[in-house]
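Okay, here's the structure, questions in a sec.
By letter and in written order, the chains are A, B, C, D, E and F; residue numbering begins at 1 in each of them.
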Amino acid sequence: MKILIINPNSDPEMTAAIQRSAEEYAGTEFGVVCKPTPGAPLFIETYEDTLQAAPGMIQLLKEEEEGFDAFIIACHCDPNLEAMKEITTKPVVGIGEASMKLASMLGHRFSVISTTVHSIPNKEAQVRKLHLEGVLASVKAPPEEMAGASDEEKVLRAAQLALEEDKAEVIVLGCAGMSGLDKRLSAQIGAPVLDGVVCALIIATGLVKYGLSTSKIRRYNPDY
Amino acid sequence: MKILIINPNSDPEMTAAIQRSAEEYAGTEFGVVCKPTPGAPLFIETYEDTLQAAPGMIQLLKEEEEGFDAFIIACHCDPNLEAMKEITTKPVVGIGEASMKLASMLGHRFSVISTTVHSIPNKEAQVRKLHLEGVLASVKAPPEEMAGASDEEKVLRAAQLALEEDKAEVIVLGCAGMSGLDKRLSAQIGAPVLDGVVCALIIATGLVKYGLSTSKIRRYNPDY
Amino acid sequence: MKILIINPNSDPEMTAAIQRSAEEYAGTEFGVVCKPTPGAPLFIETYEDTLQAAPGMIQLLKEEEEGFDAFIIACHCDPNLEAMKEITTKPVVGIGEASMKLASMLGHRFSVISTTVHSIPNKEAQVRKLHLEGVLASVKAPPEEMAGASDEEKVLRAAQLALEEDKAEVIVLGCAGMSGLDKRLSAQIGAPVLDGVVCALIIATGLVKYGLSTSKIRRYNPDY
Amino acid sequence: MKILIINPNSDPEMTAAIQRSAEEYAGTEFGVVCKPTPGAPLFIETYEDTLQAAPGMIQLLKEEEEGFDAFIIACHCDPNLEAMKEITTKPVVGIGEASMKLASMLGHRFSVISTTVHSIPNKEAQVRKLHLEGVLASVKAPPEEMAGASDEEKVLRAAQLALEEDKAEVIVLGCAGMSGLDKRLSAQIGAPVLDGVVCALIIATGLVKYGLSTSKIRRYNPDY
Amino acid sequence: MKILIINPNSDPEMTAAIQRSAEEYAGTEFGVVCKPTPGAPLFIETYEDTLQAAPGMIQLLKEEEEGFDAFIIACHCDPNLEAMKEITTKPVVGIGEASMKLASMLGHRFSVISTTVHSIPNKEAQVRKLHLEGVLASVKAPPEEMAGASDEEKVLRAAQLALEEDKAEVIVLGCAGMSGLDKRLSAQIGAPVLDGVVCALIIATGLVKYGLSTSKIRRYNPDY
Amino acid sequence: MKILIINPNSDPEMTAAIQRSAEEYAGTEFGVVCKPTPGAPLFIETYEDTLQAAPGMIQLLKEEEEGFDAFIIACHCDPNLEAMKEITTKPVVGIGEASMKLASMLGHRFSVISTTVHSIPNKEAQVRKLHLEGVLASVKAPPEEMAGASDEEKVLRAAQLALEEDKAEVIVLGCAGMSGLDKRLSAQIGAPVLDGVVCALIIATGLVKYGLSTSKIRRYNPDY
């Protein structure tokens, strides 16, 4: 089994980090390749960024469709996910949907850690699109006074605050760029911490093994 | 006041029809221009169509931003609307959001007439995004046995069925291509029928006159 | 075009303030008259106040129906709005519904500024009636320790707190008596501030111009 | 204990029917008096009817407040109920709220039988106001082809259809004028049938006996 | 009329306290007996506790079914309530459902006081099961720094905080063990305080007197 | 890795069928054992059945906890699932939750096929508990006139009707007893068909491999 992870941005470092997390989960059980999106911005933050990543994502999916068994969209805002599910008959899984649906099975409510305050409303809109607003504790960004701290310290602090202030029981890392922090963070806070890349691999490999994919009855059928 | 109507597809006929409806409403009170989207598909139906329209829509908005007071996105599925609101500081109105929010003020529940059964789930997802699922009677496509009938007959039949079967009290034309059918249809069924292009002009001209536009506090702010 | 603004209370000062805001928006484009409600309380705050305004509002609407093209109910709690929509076949718009539906198109979530803590639950019930609870950041009253401050200072402070504490992106003035504060307030807080009277004029004049009014299919049909 | 049942209309026959149902439930345990509303319409169906009943209802409540322990509003649309709860410190119960809240404890979903198709949307809006839309099977009016049948036959047929078509498990009589049909109907359809007058008596007498009434913390407090 | 109150735990002290509250409400009007559950834990807090109480509760209900007119489940989390409603054709009322449905009729929003922070998520899940999340202000536990205070002081403080911080207007005692605190607490905070045992008696005796019970149409029918 | 599948009923045939489906998915990748529940009913249909299975399920989980890496509850109504998640620190997955959460990622809306009309309301309550009511097309039982048909014909017909009448795009087998029908059924109807046992294995094995389990922060923590 071979899984292609499409990193919707063009950042080689983030691509490498995602590749490492994926390989660590895959071990020798299945093959996994993470590719950056040609022509995409270095980071996906705005709605325009999302659209600018689209041509490259479509091209990548169509070019690589033959050679892989399933596809993962590795940006936590699930950019252009509906189109990806529509284009191919093979399974496509977003790291946002995978991590938040799994989180909803592991505790009463989950919080998503976002890098900036700016992306909180966008994330809330995404959570609602996934019909998960009833199990969301909060979308939590690190406090602004921590501007000088390391990324790991910031994520840790935001996660602690989500547990204390918002009564979250599960933490979801809200950015593919946080990939790799999950285990250490979980040990520190005493609660499950979900890396979307791994969560999407769980779902995608399961679907491939089971022989399931997106329904082509209507919504995700490109031919109508 | 000058309003630019961006037709997200590249069909010259639909562009001309939208232009006519808009001029009829505008009269001599304000200027209105409808332009097709360069490089876009002839018709927007799939999620991929939506993304393929994006580069041309962004280009059109940026090129014309200076010369107009507000922008209307004239496809009823409001393609790429969040990005359009984010890119400019001037008002941007989707014909889907405008027509369905106005419809919610005119009766108990509204139905949206869609051209095909294929677009019913996509439209339902859009209605939920707009927080209007509680006032939606149905998304209604013409019965498949009417395949040979004229477009106007099909829309009429679907609207009648929405009133009878789904207890709709207001009808929303679910495609910019139905522009111009509103008045005749309303006379035939005895209920308000809303053309999204006119509805968006009501909102957009009102916002310009009042001096209001999209909040740049967070969600639609491109600089963060 | 002539619009009648029914002020559901009997306060001549508030009636004059509404008239000024309305004329400023109308300019020479359409005629607008604001009238107080005969026999109504000086201020509408309680549920009983709402009912005591009803006979005068009904009388005013019936007496003036011929001479105007549309009617606005200029109290932000939209008192007796369903009955007004039922009685006449001409458009009727509440300043509460108009301002909050427009606000939902301009940002992620809006807050309504109310004069007193007392009216917060009533306003929340109204927001739910309009199916807008999913886009409400908060109903915000000025902090009680500001009892001695001017009305404008109080509204400013409440709006600032709504942005900071409740993550509102748009502010709605929750009382017709705040009419006129919108522009200054918006400049101070850097976010859209909506005066319901102007918002209702946008919708009402648009409906008249388009030839649309309340559906008489069932809910708002007085003859059954 | 003495309960005043306010019939919001002025129909002496309906007042007598309500009185009979109430006395049958009360037996010798408590006193109950049903009074029609002075100046109200003969039947409450439209929103304007509701407002025209208001002055008489307020007058009746204020005049009789001293002499009774609790008040019931005996029209299933709960007209002006918020104001009634606000005006007095004694318990006020609507037959709509009482019957539908009790129904929600007796089965999976309930249907409300309404006399006419006209009142279906109004009833749906009321059900939502009571936060009961999630346990509503349907609001059901008798089929129009039964125009010539007796009231009892019509209600029976509507109830049967609600069970078969809408999977209701409990039936609520949606009009005080149906008072007295409950037991026979229940025997015929094999499901609980709730008369709102009796349901309101259950709640109102319980509140009096327990010493509970409407909270005056904020929403229903006339002094602010 | 005779009501059996099933205390799902096996604590004789709590059983006696419930018996006292019940008798005080019943007076000489009806008979009431509270029995502990054989084989049940001393206190019901976890999900496993709930299941361990089940065999004894089923046995008690079946053994006593003949001799009583209705049954009350006197633990505020309504343990095994669906099964109890299914097993007998006589009315069964949970003190959780009864108190929270009544509370929703007495004010804008209610708070439930829980003994520990641990049971907050379980209570929130129960509130949602009852379709009451829209009228819940909060589930409130006493602040942890009050560990040394008396139970009554703790409940009082939690109730005060619910009113101030969460804008509750009605307080529901979230544990049968708080039975008897209602009147004193209500006097101290100036808001209605509901003891679930009394609330369930109001509903259960009303149902018996009216001749109503659980619908056996489908959901609660053991024979299918 | 070794997974224990707890069949909440005591039927050896159904246990064997589940074992076969599970082994087919597991192949040589992981070990899987399905055990019936000692003392449980032969089939779980009523709420009482659920409780009667509880002691055996708890006993089985506690006895086998050491020897397995994760546990699956193999009855589609997820009986006693909260308690199972609470008792052990290892992952526990219900076949209902797993199949319906996966289904929500594969199409616009899903339908659950239930064996009898009786279990429709119970299933609807479960769907709501999982916060999935917004993506449910319907719970569908075979038409009653098919009483004489084979189980497979009945499920096929119900699935076809769900696609045609309720616009489902994905089918979920609503009973562990339907295990094994998925592939043939999917080929016949042209839409994904999900067997909950396999879905739960996807999630459970993924969680084990990733090192994740139920949060013990509060809701599912037995020690408080």
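In the analysis below, contacts are C-beta pairs under 8 Å (C-beta built on N, C-alpha and C of every residue); 3 or more make two chains touch, one makes a residue touch a chain.
Just so we're clear, the structure is a prediction, and the values are computed from it rather than from any experiment.
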Chain F reached from chain A - shortest hop count over touching chains: 1
Mutual neighbours - chains that touch chain A and chain E alike: C, F
Rotational angle, Cα trace of chain D fitted to chain F, multiple of 5°: 120
Equivalent interface to A-F, taken from A-E, D-F or B-C so that over half of the residue contact pairs match: B-C
Most widely separated chain from chain B, with each centre as the mean of CA atoms: E
Same vs different contact residues, chain C with chain D, by half of numbers used: same
Centre-to-centre distance between chain E and chain D (centres being mean Cα positions), rounded to whole Å: 26
Centre-to-centre distance between chain E and chain C (centres being mean Cα positions), rounded to whole Å: 42
Whole-Å separation of chain centres (CA-atom averages), chain A against chain D: 51
Chain F, residues touching no fewer than two other chains: 108, 120-121, 125, 128, 134, 167, 169, 218-220
Chain-to-chain touches, reported pairwise for every pair that qualifies: A-B, A-C, A-E, A-F, B-C, B-D, B-F, C-D, C-E, D-E, D-F, E-F
Chain A-touching residues of chain C, taken from the complex the two chains share: 108-109, 134, 167, 169
List of chain D residues in touch with chain C within their complex: 45-48, 50-51, 54-55, 58, 80, 82-83, 85-87, 116-122, 125, 128-129, 218-222, 224
Residue ranges of chain C touching chain B (in the complex, touch as defined): 25, 29, 93, 97-98, 101-102, 104-108, 131-132, 134-135, 163, 167-170, 183, 190-192, 194, 198-199, 201-203, 205-207, 209-220
Residue ranges of chain A in contact with chain C within the complex: 120-121, 124-125, 128
